[in-house]
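You will see subunit A twice below: alongside subunit B first, and alongside subunit C after that.
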Partner chain A sequence: MIEEILNKEKKQYYLILTILTILMLGIILISVTLGKADITISESFKIIFKKIFNKNIEIAANKEAIIWDIRMPRIISGLIIGAGLAVAGTIFQAILRNPLADPYTIGVSTGAAFGAVLTIYINIVYSLFLPIVPVAFIFSIITLFVIVKIAGFNQTLHSSRLILAGIIISSTLSAAIGLLKSMAGEDVSAMIFWLMGNLAAKSWTQVLILFPTITIAIILAKHFANDLDILTLGIHEAKNIGVDSEKLVKFYLVIGAFITAVCVSISGIIGFVGLVIPHLVRMSFTSKHKYLIPISALVGAIVLSLADNITRLMFVVEIPVGVLTTLIGGPFFIYIYLNKSSGENV
Partner chain B sequence: MLIKASNLTIAYDKKEVVHKININVQKGEIITIVGPNGSGKTTVLKALTRIIKYKKGEILLEGKEIRKIKDKKIAKKIAILPQTRNTPEDFNVETLVRYGRFPHTNWQGKLSKEDKDIIDWAIKKTGMSHFRKNKLTELSGGERQRAWIAMALAQKTEIIVLDEPTTFLDLSHQLEVLELVKNLNKSENVTILMVLHDLNQAIRYSTRIYVMEKGKVIAKGNPEEIISSELLKDVFRVNSDFYEDKRHECNHFIPYKIEREIHDRRNIK
Partner chain C sequence: MIVIKDLSFSYDGNKPLFENLNIKIPKGKFITIIGPNGCGKSTLLRLISKELKYNSGDIIISEKKLSDIKSLELAQKLAFSRQKTSENLSFTCLDYVLLGRRPYKEQFEDFNKNDLKIVEKNLKITDSISFINKNLNQISGGEFQRISFAKILTQNTPLILLDESFSAMDINYKVLSLKILKEKVKEGKTILCVMHDINLAYKYSDHIIMLKEGKVYNYGKPDSILNTSSIKEVFEIEVEKIEKKGFL
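And now, the complex of A and B:
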């Protein structure tokens, strides 16, 4: 009896996985043809064909640049960041055992934001061109260390302590960001644009950073996914049946924070993908993490790239994708919260 | 000797709550730790099950320091039923019981035929067959308790540790759980270590009793010899009458009055 159910679930999983993968590939192909520049669909496909198979086809150089060097990296970055945020959200909801957790709960993202804003500020004041991404990344990692230190790394990492430490650090850093913003005067717009989160102006360099790091992190996350299921019993209960829950929580904390740090450093803070997608998958399919992680990754990728298409194409002035995801995600968040508190019988 | 705790001292931060106690558990025994609230019973169990770290002394599991054994290895030897636990919302009984096999499976968590048989056996043994597919949140307190016991059974361990397994349960469910424990001890030769509040139940079901007060073991041994009206007066501040429970051939007592002296002192406070 158990066997049947497990097999059925497995079949469903592969089916969903296949459908989503096809959908994702479809979205890549369609998105690449859409845009404000006057390029036909057949031209777009020709360019992709040319680049991938290294064929010699006559195409205008500026069109080739738009498709291959502007649209493609942006679409792929969006997919990877969407996947990364969704997986990080799944991880944080599991290890913090809190359905309201997301990649930004423990404040790593605010660390990245502070790093980015600081870099922009220094660049403005001293007329430098310091790169934002590495500084943002370094600051998010520093933030992680500080938070873990506050929560007490050598003890059992209790979720409430982690969340509390995250909130404290987040609000302190937010204040610091506010300070920098007010000091920046008229140049504040660059900071605000970064903070709102966007996928514009991504190049192949960013894809090269994103792809290997996020892929490896997601594979690692899936590898120990069965233990994450057991963790839902509670940290002590999991230990009682032989899961080294302390080590497990720390391992996933580092992976989740790493994914968040990479994504946020590159795209800024794109809200709610990491909160909503894991819930969506959990409610509609399964709460088993070995399925939840890959499917959330794909759904996250698809949702973020759809959202990015909307911001790119539907508005006269391009709005940051983070604004759109938060606009849609906010009401969804409230919906989950209300459902959650009414369904609780503790 | 299955478990041997010697000179065990446990502290929460700086505050010492258990002072240099010795507890031994032998194969096939039903050991019960009793004592008033705050005497340190649960703390001792938590140390035995590595939820809190002890300060001094040692706990040996089959002669090996428990802190040096891997979690998975311990989980093959000791199953634990904690006192309070959260109830995962989307778990059904079978999923929970399946997790009991975790220590015996490899990292992929694939279940063998044997694992599945054990799961079926654990569910049947605890009378949960009808509730197999029910969610934990749909069950009553007694049923939920049995579901967790089924998970502990699925671990197929030599020892089961239960922390106040009858608290929050009504009379019939209390009896049910304790009879189940006794039956496991008899038919499967599972060693039991538990904390109970009801002393009469402790007398009836235990082979040996440890009485704790203020972080110390103040009496231990055969329940008939240990639980006396003097001890109840000293430790639990009650006067009581003892009767013979002919059916179970053991003592049974009824407390009738709170010790005056203590009572007064508390009033003055």
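And now, the complex of A and C:
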């Protein structure tokens, strides 16, 4: 009887995984086709086919450039960042044992934002062209160390202490960002644009950074997923069944923070994907992390790339995708929450 | 089975709860700790389960010092059902009980047929099979205690620590659980249990430890140590003994 329940769950998981994968491939194909240039689906298919399998197919060079060099990296970046944020959110909700946690809760993202804004400021003032991404990344990693130091790495890492440290650092850095913004005067728009989070103008270079790092991090997270289940029960319960939770919390903290740091450095702060997607999957399917992580990753990828399509195609002026995800995600989440959670805690 | 030797413990900066506490807990017995609120019953279980660190003295489980026992090894020796369980992100009852098999699994090993058989058996004897698909936060306190009890049984350890593990169960399930535990004692397991119900303690325990302000007030067979004067001394309440039946 129990075996049947577990098997049924497993079958369901593979079914959902397959459907989502097909859906994602379809979205890639449609997304690269849609846009101002007049290209058909079969043409985009041919171009992708040609590039991936290195075949010789006659196709207009400008169309090829639009599909492969402009749209494709942006769409792939969106997919990876969506997946990364959703997985990071899942991890933080589990290790902080707080349903309100997301990739930005412990302030790593604010560190990245500060790094980026600082770089933009220096570039403006000294007319330099320092790259934003590495500085943002370095600052987010520094922030992680500071937060963990405050929370007490050598003692038991209590989730409340981590959250508190995160909030303190976040607000301090936010104030610093505010200061830089006010000092930037008329040039503030570049900073604001970065802070709002967007996927515009991504190239294959960014994909090359994103793909290996985020993929490895997600695979690692999935690998130890059974332990993540146990962490949600708290340190003591975990100990009672022989799991060294302190080490695990640290491991997952680093993985989650690393994913967040990479994503935020490249795309800015894209809200809500990391908060809503894990909840959505948890409420509608399962809370077992070995299933939750891959499915959240796929749903996150799909949702973010859909959102990016909307911002790219539906408005005269492109709006940042971060604004859209939060704008739609917020009310949507409230709707789901009110419908599903009557009488139960999420 | 468990030897507590000169144990001292205090919560950060507070005055010591235990000072030079000595208790010997024999193997294969059902032992109940009773005592007023705040006398250290739960703390004692948390110290034995290694959740709290003691200041001095020693706890020795099957001739091994607690500090020398790794957490996985301890999980195969000792199962602890705690009083307070934290709020969970949604965990189904079945998955929770399955965790009882976890100490016997390698990192990536999946549960096999035998594990599932053990889980199913324990869900049946605790009569909790009807709600295994529900989430832990959807069931009542009593139902949760039955699930938690099933998990402890699934862990199948020689030593079982229970902290108020039946407090929210109705009388039927309380008695059912205690009878299951009695069976386990016959198989050679040792039960160390904190209970507030003096009558159930009286009826089911082999030995009773009466704790008062961090000290063992009395330790022995229920008949010899539970009487109106000892209850008055420890709990500060007058009770009347109804011969062979219990206390009111």
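Operating definition for what follows: the second predicted complex is superposed on the first by the 331 of 346 C-alpha atoms of A that agree within 3 Å, B and C clash if a C-alpha of one lies under 4 Å from a C-alpha of the other, contacts with A are read in each partner's own complex, and residues count from 1 in each chain.
By definition in this document, contacts are C-beta pairs under 8 Å (C-beta built on N, C-alpha and C of every residue); 3 or more make two chains touch, one makes a residue touch a chain.
Worth saying up front: this structure is predicted, and the values here are computed from it rather than measured.
Considered on the superposed subunit A, subunit B and subunit C are sterically incompatible, since they clash. Applying the stated contact rule after C-alpha superposition, one finds that A:307 touches neither subunit B nor subunit C.
A count of residues in subunit A touched by subunit B and by subunit C gives the higher number to C. Of the two partner chains placed by the overlay, subunit B and subunit C both lie in contact with A:287. Applying the stated contact rule after C-alpha superposition, one finds that A:237 touches each of subunit B and subunit C.
Once chain A of one complex is fitted onto chain A of the other, the partner contacts of A:177 are absent, as it touches neither subunit B nor subunit C.
Residues 2-3, 97, 224, 226, 229-230, 232-234, 236-237, 239-244, 287, 343, 345-346 of subunit A lie at the contact with subunit B in one complex and at the contact with subunit C in the other. Within the complex formed with subunit A, the residues of subunit B that make contact are 49-51, 70-76, 79-80, 82, 85-91, 94, 96, 98-100, 102-103, 107-109, 111, 116, 119, 137, 151, 155. Remark: subunit C residues 49-51, 71-76, 79-80, 82, 85-92, 94-95, 99-100, 102-103, 107-108, 111, 113, 116, 119-120, 123, 129, 132-133, 135, 137-138, 155 touch subunit A in the complex.
In the complex of the two chains, the subunit A residues touching subunit B come out as 2-3, 97, 224, 226, 229-230, 232-234, 236-237, 239-244, 287, 343, 345-346.
Against subunit C, in their complex, subunit A makes its touches with residues 1-3, 5-6, 93-94, 97, 99, 223-224, 226, 229-230, 232-234, 236-237, 239-244, 282-283, 287-288, 343-346.
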